[in-house]
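Each of the next two complexes has subunit A plus one other chain: subunit B in the first, subunit C in the second.
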Partner chain A sequence: MVSSPTPLLEIRDLAVNFAVYGGELRVLDGVNFRMFAGERVGLVGETGCGKTTMMKAILRVLPTPPARIPRGEILFKGKDILKMKERELRSVRGTGISMIFQDPTAALNPVFTIGAQMHAVIQSQAQNNHRSIDRRKIWQLAVSALKDVALADPERLLKSYPIQLSGGMRQRVCIAMALSTNPEILIADEPGTSLDVTIQDQILRLLRDLVEKRNMSVILITHTLGVVRELTNRVYVMYAGSIVETAETTKIFSQPLHPYTRGLIATVPRLTGGGIASGIPGRIPDYRNPPIGCRFHPRCPHVMEICKQQKPPLIEVEPNHSVACFLYSPTPKVEL
Partner chain B sequence: MSMLRFLIQRALYSVFVLFGLSIVIFIIARIMPGDPARMAVGARAPQWVVDRLREQMHLDKPIAVQYYYWLRDALRGDFGISLITQRPVTSDIMETLPASLELALYAAVIAGVLGIGMGILSARYKDSWIDNLSRLFSYAGIVTPSYIFAILFVLLFGFTLKWFPIIGRVSEDVPLPPKITGLVTIDALLQGQFSTFLDALWHIVLPSLSLAMGSIAQAARITRSSMADNLTRDYIANLRALGVSERLIMSRFLLKPSLIPTVSILGLDIAAILSVAFIVESIFNWPGMARYGMNAMLYKDLNAISAVILVFGAAFALMNILVDLVVAYLDPRIRLRAAKGE
Partner chain C sequence: MTQPILSVQELKKYFVVGHTGLLGKRTPVIVRAVDGVSFEIYPGETLGLVGESGSGKSTVAYTIVGMYKPTAGKIRFMDTEIGANDQRPKELKKAIQIVFQDPGSSLNPRQTIKQILEMPLRVHRKGGNRLEMVLHLLEIVGLPPETMYKYPRMLSGGEKQIVGIARALATEPSLVILDEPTSALDVSVQAKTINLLLQLQRQFNLSYLFITHDLSLMRNVANRVAIMYLGKICEVANTADFFQKPLHPYTQMLLSSIPVVSEEEEALRPKKVLSQGEIPSPVNIPTGCSFHTRCPFAMPHCSKVDPPFVDMGGGHLVRCHLYP
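And then the complex of A and B:
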């Protein structure tokens, strides 16, 4: 990985805190992440581990306050997004990176028609890229974006309000909006989770087809490992605000290293194995007062003394396979 | 079509409300101590005059019958004769109501523009000195009654600085324009008398601003908090994430949903302005209906009291319908629900 070309997106030691009454939640605690053009990356972890926060931080759409970014860099093609001015930032948003939000109902403005919202996106894209565009062209692009996500009767849809659509349709509209900008990287935050299983399945299939057709780089956030296995070629495993392991997808499943990853894979119900998954006892820690050292140590079956004192760095233990765990650290520095 | 049904439905509700209100007003007016007939003719008048007047006013009949007569006449637009002015109450109201409406109209415009504008600035520059100043103003504005502002404005801008006149609707040497709507500024414009318009506008600034202060404060606070609230929503983050400019988001996609609570509160505030204006109208010697109603109460002028309160009630009902319409325009969820007849 050292001799590779510049990553398309690289995150270095990113931290995000949220101000709450009487303190601060330290949600992201030094995230490291990189992806190259054409990669399809899965980001997995329990609910509340900071996946959505990380993605919103990339596009700088976290509400600040309460959110605050005390340290870190987010490099898109080598340029730090966190240091960009609004104009430059807008040229990355949409065209560079776009995002499908987790809850399509919350992501659509209830008092504007689908058409008004898509119009704003398409028009802004043209402006940000210094192209001129007229109303008719915008309308055509919006119609074709809706057709791409297999929505029938796009003209009528554009005149509808979100409340008039079903959950599945709203999700498709969100996908259409995110894809209408022709992004280099598409972030999909648990697409379809709020829908029932059959529709979720349709949405994922649709997304896969679109991504393959357009050859986009993708970050897929999910807590369903089956989806990861099917759609991605690299996986990042996140726990309580840090990346704990990353490897190629097949490798993660065949040879998980981090105790958390192993536990996560063990929770997947298997048709062949005996009994229901074992699961990992305990839950995500309190971000106001997170455990010192490795944040996983209170739940870890292999916990050592050092884990309670130091945070393990993310180390490449073999080509393309990194893990943040002292079990695999070549020279654990024990300070007693 | 659905909007029409919505309107008719709301209008029917209002009729019921006004009917109920009329009963309450009527009963309260009749059980107040003192004989209105005696008060009308004076203490020295012989008893037979009082008795004749009681008969004329149907005061000798049971209260239900009195109400029937009153309602029958009221539906024809006849609220009887005012005991003070000795003229039909209806024509008194026709004369004083436009002055009050004009005040309320300007107060509404001022409250809407300044209040919402201040709220937007406050939300845009949250926690800056602009925001802090506007919040300070809001607290002061909400707790201070309008007549305090009226007195302060008269002293400061009227007497000391002499920027604005403090009495009446137009200057003494300016003739009133012929009555069309009764709203002097509008009549002047309709007649093309631009200097009269400016003079009337100049006169209405202080009283309408005094009345609007509370609503400005209220509107600013609600707009600010509702914008700050909606700013953290995913639908804003979504547009930002897709490259829509901050200016367009603020002025359109954040503003519209955030105005819904402001409009609801502001509408009722404006209706209330009409009825609480009596001290302000007195201070500025404004020939409005609130002042007329206050006098009627002091002299137990039953016919005038009932009519004035009923008009205020009707103003509230109308304002409610108007608010519902504006909210339905802003919020498709309400519109669509109304269309489904829920």
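And then the complex of A and C:
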């Protein structure tokens, strides 16, 4: 793979803490992540592993306090989002990075028509870019955005309220809104999870067609491994606030290395049958007192002494395949 | 063949959700949530009931447990007709139990796990040492004894669901209805919960009605599978048959929509039936075969005549004009 010198988005050693009663939750613990233009990246992990926190940090929509970012950088085209001024940030949020949320019902305002909500998005985007835009033009853009997501009769839809649409249609509207600003990165947070399988399939196919046509970079957040396999070309696996493994999608499924990734893939029920593996023992750690060293070590079947003392770094073990596990580091540093 | 433990015949459950028209001409708006569903469950068997939201699968479950009274049709449990009963005898409530989908809202947040598990014991198993029974229940489901003094909020989602399972087992039932027991859980927790359910089934010879929308999960737990669409069953078959040769176009669409994780699974998916169209509202079910609006093989008479069930051999029933 030929990679351009500067990644489109790079996260270096990002940590996020949340202040809670009687302590601090150390949720993100040194996340490293990078994506290049045109890549479709999947971010996989179970509930509570910090996927959404990471995305919110990227868009800088984490409420601070209670959140606190003690260290780390988020570089969007080489500029640190965490150090940006509000105005710069606004243009990043629209033309730079857009997001589709898990629950389209919660993402749309129930008391405004679809048209009014799309109007707001398109207009504020124009304002950010210091362009003036008239109502007719906005309406045309909204209609064409809805046509792009294969919604029939867009003129009527723009006049209707979210409650008048089905779940699948609402998600299409959200996709249309996110894409109406032509973002460089699209973040899709569990875009099909709240929908039925057949409708989820339609949404995912639509999303794939759209990003392929526009050659858009996508970050797909999900805990459904099957969705990742169908939509992305690179996967980051997250566990308890850090990236434990990353590789090309086909590689992750054919040759998972990290014990957590292996356990995760083994527990997915298969259409071919054959029972279900027994799962990973234990549960995700308490972020108030996370385990020292590798955060996975209390649940790991291959735990070693060093795992309890040091946090394994993310090391490239093969080209394009990195893993944070002492089982694969060539020379485990033993220093105390 | 052995006698079924539960047999449901032409079960119907309609709900009135509102009215249209003015005073004298008011006509009720009716949702036909379940519209003529028939199936049997045999002792020790798991019947998987699969369908998308609004297909009526939970209504079937609630009607069998007795939370709803059926509009029409028969429900036979062992030898007794139970559908028409206004007040079910206690024995019946003891024998049929349910595990709900959302473990967060199905446990009382103000009660300890001990209190939650004691409730069914107090009602159905009078006498005996309740503390011992609670401890035994926790042991059966593999939770540590100190869990007893905890409140639901102190447990993880998976543990809460396991408490829900223990509560269902407290009355020593013979039929357990599992209403999407793992859909709120992560895959690794799901695996653990499912394996526990399968082990308990063997241990106590339980029959399960397993409701889910996840076909890959169904492949691994059910002996037989029934697919529901808009209040009607459209295909019933043994699990192996079902996945090898799905017959109904809706089943094929469902199977081709599942995101899978391996090449072998991809080979099993029917490629040609891509999902299209919206799921119609249950208030306004299409005439004839209710699937004709989304069916790629729809013929003119599909919109007029509702197809009957056809037996394709080996208990593989399908309701579609394409067959036989």
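What we mean here is this: the second predicted complex is superposed on the first by the 325 of 336 C-alpha atoms of A that agree within 3 Å, B and C clash if a C-alpha of one lies under 4 Å from a C-alpha of the other, contacts with A are read in each partner's own complex, and residues count from 1 in each chain.
The rule is short, and it goes like this: contacts are C-beta pairs under 8 Å (C-beta built on N, C-alpha and C of every residue); 3 or more make two chains touch, one makes a residue touch a chain.
A quick note: this is a predicted structure, and the numbers were derived from the prediction, not measured.
With both complexes brought onto subunit A, simultaneous placement of subunit B and subunit C is permitted, the two fitting side by side without a clash. By the document's definition of touching, of the two partners only subunit C reaches A:267; subunit B does not.
Contacts of A:56 after superposition on the shared chain: subunit B is touched, whereas subunit C is not.
Of the two partner chains placed around the shared chain by superposition, subunit B is the only one that A:124 touches, whereas subunit C remains out of contact.
Once the two complexes are overlaid on the shared chain, A:224 sits against subunit C while remaining clear of subunit B. Once the two complexes are overlaid on the shared chain, A:109 sits against subunit B while remaining clear of subunit C.
Seen from the Cα centre of subunit A, subunit B and subunit C lie 80° apart once the structures are superposed, a value rounded to the nearest 10.
With both structures placed on the common chain, the touch criterion links A:253 to subunit C but leaves subunit B unconnected.
Contact with subunit B, but none with subunit C, is seen for A:93 once the two complexes are overlaid on the shared chain.
Legend: residue contacts after superposition of the two complexes on their common chain; A:168 is shown touching subunit C, with no touch to subunit B. No C-alpha atom of subunit B lies closer than 8 Å to one of subunit C in the superposed arrangement. Comparing which residues of subunit A touch subunit B with which touch subunit C, the overlap is empty. Residues of subunit A touching subunit B in their complex: 56, 59-63, 86, 90-91, 93-95, 98-99, 101-103, 106-113, 117, 120-121, 124-125, 127-128, 161, 163-164, 174, 177-178, 181. Residue ranges on subunit A touching subunit C, taken from their complex, read 46-47, 166, 168-169, 196-202, 204-205, 223-227, 229-230, 253, 263-265, 267-280, 283. Those residues of subunit C whose C-beta lies close enough to touch subunit A in the complex are 52-53, 156-158, 186-192, 194-195, 213-217, 219-221, 239-240, 243, 253-262, 264-265, 268-269, 274-276, 278-279. Remark: subunit B residues 231-246, 248, 252-253, 256-257, 260, 330-333, 336 touch subunit A in the complex.
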